[in-house]
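Each of the two complexes below includes subunit A, the first together with subunit B, the second together with subunit C.
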Partner chain A sequence: MLLQILVNALALGASYALLALGFVLILNATSAVNFTHGDMVMAAGYVAIALFSIVPVPGALLLPLVMVAMAVLGFVFSWFAYFPLKNRPPVSVFISTIALGIVFQNSANAIYGAEPRKGPPLLSEGLFEVAGITIGKQALGIVVVAIVLILAQHLLLNRTGIGRKLRATAQDRQMAEAIGIRVNRMIALTFALGAALAGAAGLMLSNTFFVTPTDGTNYIIKAYIAVTIGGWGSLTGAVCGALIIALFEVLFPSLPLLIPPLEAIAPWLFTQTASTILLYLGLLAIMFFRPQGLFGERVQRRV
Partner chain B sequence: MNVLNTRGTDYFGMLVAAIIAASPLAAAAQTAEVNLPILVPITGFLSLEGTSQRNGALLAIKNAPSSVKITSEVTDTGASPEGATTALERALSRGKVSAVVASMLGTQMLAMLPVALENKVPLATVSGTADITEKNNPYVFRFFPGDAVAKGAHVRYVLEELGKKRVALVYQTTAYGQSGRRHIVELLKKAGIDPVMEEALDVSVKDMSPVMGKVQVANPDVIMLHLHGGPSALFIKQAAAAKVNLPIVAGSGLSQPSTVALVEPAELKGVCAEANASPVAGGSPEMEKFLAQYRAEFKTEPDGFAVGQYDATAMIIDAAAKGARTPEDIRKALSSGSYKGVAMTYKSDGKGNMANSAVVICYDGATRTPKIAKRYD
Partner chain C sequence: MNAALNWSISGVRPLLILGGVLLAAWPMLMSSAYELRIFTIVGIYALLALGYQFIFGHSGALALTQGSFFGVGAYVTAVLSVKFALGGELTVLLSMALPIALAALIAAPVLRLESHYFALATLGVGQVLVLVAVAWQELTGGANGLSGIPGLTLFGFEVKKGYAIMAAVWACVAAGAFLSWRITRGLYGAALHISRENPIAALSVGIDTAKLRYAMFLLSAMFAGLAGALYAHTIRVVSPEALEFPIMVACLTITVVGGRTHIAGAILGAILIVNLPEWFRAMDKYYLIAYGVTLLAMIIAAPYGLIGLLEQWRAKLWPEAPRRMPKAVPLLSLRATGPAFGPLLEIRDVHKRFGGLRALNGITLTVARGEIFGLIGPNGSGKTTLLNVITGIYRADSGSVSLDGAAIHALPSFAIAQSGIARTFQNINLVDEMSVLDNVAVARYGLENAGLGQTVAAGWSDPAWQRARSQAMSLLDALGVQSVAQSAAGTLAHGLKRKVEVARALALEPKLLLLDEPAAGLNETEQVDLADRLRSFARSGLAILVIEHNMPFLMPLAERMACLDHGDLIAVGAPADIRVDPLVVEAYLGLPEKTSA
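== the complex of A and B ==
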């Protein structure tokens, strides 16, 4: 049971990490908060369901298709939500992304209805049993896929020409333009990349936790918190922030299982309600005492 | 004779003309006009249930007799109390409202009650939250077993049919969840039982493995759930994955076909749920007819909320057909009359609780179609 809880926490953290990475990529490239990012995760869940209904294969095989579809959506999205408003105050982009998020939600509701839907599993549902220890196949699959994607994104940004251009655009748009980088193209590509990562998260989360049209709001809050905890603009921070959220959501309420006396001392503290309160109190504490986040400016490296 | 014949013809002609002239007036006098806004959550976390309400109400309107002319508009109340009050105030500002099909979200109902009282307009809902009929408001009518009835059935099934004593209780943090929890704990206490474990879950909680771990440590002999639909399905799925081999008796959230569709039949083995009714389980010619019509109209399975709202709307329409012309007439008809609906016979207990029956349905692990295990009147 305890190992299963740990794997579940890692799987949840891994999904949140993909979500947060996509969010911070766009944030760094545009200096604007993309409030539709959570709805991109939701949309990806429905894309996965739609593709599965046409080609009923494991989610791992659908994953590239979902990511490509979401990348295209992200690219198109940037032309509606960002480029027309890029020279306006940042709040304009913020509002436009909220508006488009509502469009996504209502479109999903109109097409699929309000009831929760289940996406395809990566390989299969069910459990592995190894040496008497039971681990969920989907949870393990999510951890593996997330590690692969995070590494791939790291290699793309740090070891490829296109990655250097993306990072240059994020660091200083004017300088990047001055040295001949097509900044608008790089920004659109960043939106595509961010949406693709949201797509991966969406496919995986839609099986484990189902998908409804209103899920986006919850996911964008998670992304926002992860980035704030980890450090605004830090990719490493985004991943760590996401894992911290998952630890609070899953491990903290489970502590009495590891340390039984805790249940007797303060049973009200180790509940999922209390852990949510503590997470947000911790967020406030970070904002007060370490506003740059856990990884701050020192190790911050913009995309 | 000529004169008499002429006069007779004149009198006859006048009589015929009078009858013809009177006929459209007579017909108009018999046609009741009902303005029935449908204010339900179509978006937000209760959109599934709100959609069921909407569908049930629309089907009842479609089946209305020709003597009742109904004007109705569907408005989304979202998930916030202010969304509901805004929708209600807007509906009231558009003209004379006869009655309202109102949101089943407890917090929204509580917000709408003062507006309904001020404007003297009856609200017909399928909300399960106990408090809505505890505010001395004569304008609320609940066509769904209140917590007293529903949780009574829930607890009685666990204690009397299953014979269980060590209860683990998992409930939602919403008004619905907390209200249900209060009733469950009170009823268990009356039987001399304290839950061995209790945990409240927010609707946004997705990973329930901490709860599963605590359940296993507490060593109950039954799990009682009082969660909304989606969280109920998540719990069942994750309980099966965690190999929690305990009987589970859930709330009405798990009686919805759309919720059950999210879990595999094998994961439902040993799972039961309380409900006002289970249309998919059939059970009467009226229910079978309702089921067929609903499927044909909306291409989906109806749940207990749909049939409850159907019956609520049908009772309002029936009142209008029998002569109720004003909101006050409809309120009186709902308060004092009884109505044989599809799911049950409805009669107010004086506080607006119209539904006095509940059922417990159980799944056999082979299919997603439940059977009615016990009925409580």
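== the complex of A and C ==
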């Protein structure tokens, strides 16, 4: 029982990690929050559903297609949301991405309607049984795919020439420009990469949690909490933060299953709603007491 | 009367006054109850946006709670009037009070956060409220909400549907607009402006930027609560939708489209955004997409909104004659100086580390009344860090700083400025689009005891602001820059900007003036001129601490000097002695190369 819950938590955490990673990559490259990032997850869910209706193969095979489609979307997106505003305060980009979020949501609503739709499974639905322990195939698949993608992302950033250019751009744009890096191209690429990662998350979440046009707000908050917990701008922190959130979200409501007496004490506490509220309150507490995040280092502003 | 006439013909006001008249006439042409209802809702959104301008426009903080405060106001009215049958005189007040209380509560963890954090934290708060409203079924009716809300009753009189409720809503809009005008003009308005555009500069002239932001946040909550209460009485049903993000987005769009800081912008934006679905009815479910596109287009093309655009056009096509400058009025008195004995500024054993870097390492220094004290040292030796510790921008790790015998190192930055330490900055910190005169006048904020109550109570024109501007004029005279008083500060040449910063610092009537590389970027004539003026200020009792690399400027000016190197104080004394001090020479030139055989 516990193991099954843990695998589910890990699968959710892995999806959140992909989402949060994309969010941080864009944040670091532009120092702006991409509020549409959650809506990209939603959009990817619909892309997966659309592709599945044309080519009914397992999600794992659709994954590269979804990621490419989302990368193209992310690239185009940056020309509307970011580049016209790159010399303005970061808050302008926040607002422009809120605007594009509205466009995303309502386009999805116009095309697919408000009812939840189910996305394709990665392999197939059902359960594995290994040594008397049953584990969901979908959950296990998500964990494997996410680990592969996170490793690939890590290798891309740290072991390739283009990765070095991307990191240089994120670290110090002026300096990168001065040594001849095509900074705008790198930033557009970062948007593409971030959207592709959100795309992977979108495909994987669409089967278990379905897709509705208004999902974005919830996902962007998750990404944001993950990044806040992990330390603003830290890639490793974002992954850790995502895992912590998912663990809490899955584990907390199922505590009474594991420890039956809890059910009798406070049935209202161990609900999805209460756990979400607790998560947000925890976030506020972290921002109040440790604004640099659980793992981050404190930064001093310069005058 | 003359002032009122001048006011009404300046800027784009003739157009706005005409617009106001048309707006007032509009409802008389309305034939159906439906049209009246839409117009009532326009008023409600205008009120919501007027409130949002306080925190988003005037404070510059992207709060995403305005929709939530609106929803809370609506729920308070719904619950109290449906379940407890309370009258409007009470429910409306409580609908404002609860959002204010909520704002006060969340301000502590949220309000000091940087912009992204702030925006997303406020979004999180909003999500919690939606969840609570859905989960707390006995009180809120859960996902279905509460229906059967009665119309607004005030002291037993019912405000009827149609014209009556519309008039009541627009009366609230008028009152809100009046309050907003009172709050955002004059000295308080200028303080809001500098706090938004350059918080470091605002702190350095003694403005408590956190307090201003707090006040703006509570005001925005109050307006949102009132709008929510009126909404509940107009729509007669309240469901979790009232708390959800689309309301916030509508409010943001109204404010961005109309103009973030223009009262007329809130009203114009509300007219456009509320009517957009009506006008684009043919687009059916696609109109919300148009909505997003509109918001995007506006933020890219017209960041100051439609009213801002009108102002730009007016300035370009039909420039106004320059206004009369205020008459220069000298400052009444230098402030009473404390005990005449002992040093003015006393720095004792101050340490400051940044991670592994020891920026200041046990600095002990004193500056006497009326003394000009020079602080030198190579780049990165800790000079500016010391200035930032004195002014409270950094906290020292240990050690003490006192002014006139009173410890100041634990005070917040703005309080240190108010206690009598003014400064200029190495990289100039003026508000570019504000006039030179206003940049200086705003520094009178503390000494004029300006504040929210003061500005609301003041009459047609804020007398504190008039005085501040007159006195600023005399300071510009004293620095010889009165001729540029009306230019925007951003358009000035570098040397002039430095002088404006000195004038602004002097407007605080400081006991001690800290200058960070004041001669940098000045030509020789300007340097001589500045040195002369500084000497004359010192003669009248002002102590001046100057950081400078330019020795020809500093040597003849300073009476005493100190040299920092890698965070250590390596020499203090008369300029002539410092110049030949072997440690100082070594710090600047490095160790003489040892010639090896």
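Please note the rule applied: the second predicted complex is superposed on the first by the 276 of 303 C-alpha atoms of A that agree within 3 Å, B and C clash if a C-alpha of one lies under 4 Å from a C-alpha of the other, contacts with A are read in each partner's own complex, and residues count from 1 in each chain.
Here is the rule we go by: a residue touches a chain if its C-beta (ideal position, glycine included) is under 8 Å from a C-beta of that chain, and two chains touch if they have at least 3 such contacts.
Just so you know, these numbers come straight off a predicted model, no measurement behind them.
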Sticking to the clash and touch definitions up top, decide whether subunit B and subunit C on subunit A clash or fit. clash
Counting only touches as set out at the top, which of subunit B and subunit C does A:N106 meet: first, second, both, neither? both
Give one of first, second, both or neither to describe whether A:L12 is in contact with subunit B, with subunit C, with both, or with none. first
Examine A:R182 and indicate which partner it touches, taking first as subunit B and second as subunit C; both and neither are also allowed. neither
According to the stated criteria, A:P256 is in contact with first (subunit B), second (subunit C), both, or neither; which is it? first
Partner chain in contact with A:Q4 - subunit B first, subunit C second, else both or neither: first
Once chain A of both complexes is superposed, is A:T273 in touch with subunit B (first), subunit C (second), both, or neither? both
Once both complexes are aligned on A, which of 94-102, 112-120, 184-192 or 238-246 in subunit C overlaps with subunit B? 238-246
So which bits of subunit A does subunit B touch that subunit C touches too? 105-106, 109, 218, 271, 273, 276
Over in the complex, which subunit A residues touch subunit C? Could you list them? 27, 32-33, 80-81, 84-85, 88-92, 94-96, 98-103, 105-107, 109-110, 217-218, 220-221, 224-225, 228, 232, 271, 273-274, 276-277, 280-281, 283-285, 287-288, 291, 300, 303
Of all residues in subunit C, those that touch subunit A in their complex: 60, 62, 106, 108-110, 113, 115-117, 119-121, 123-125, 127-128, 131-132, 134-135, 200, 245, 249, 252-253, 256, 285-286, 288-289, 291-293, 295-296, 299-300, 303, 354, 384, 388, 393-394, 425
Give every residue of subunit A touching subunit B within the complex, in rising order. 1-2, 4-5, 8-9, 12, 105-106, 109, 113-118, 125-127, 134, 136, 205, 208-210, 212-214, 218, 249-251, 253-254, 256-257, 260, 263, 271-273, 276
Can you list the residues on subunit B that touch subunit A in the complex? 42-45, 47-48, 50-51, 173, 199-202, 204-207, 209-214, 216-217, 229-230, 233-234, 241-243, 258-259, 261-262, 300
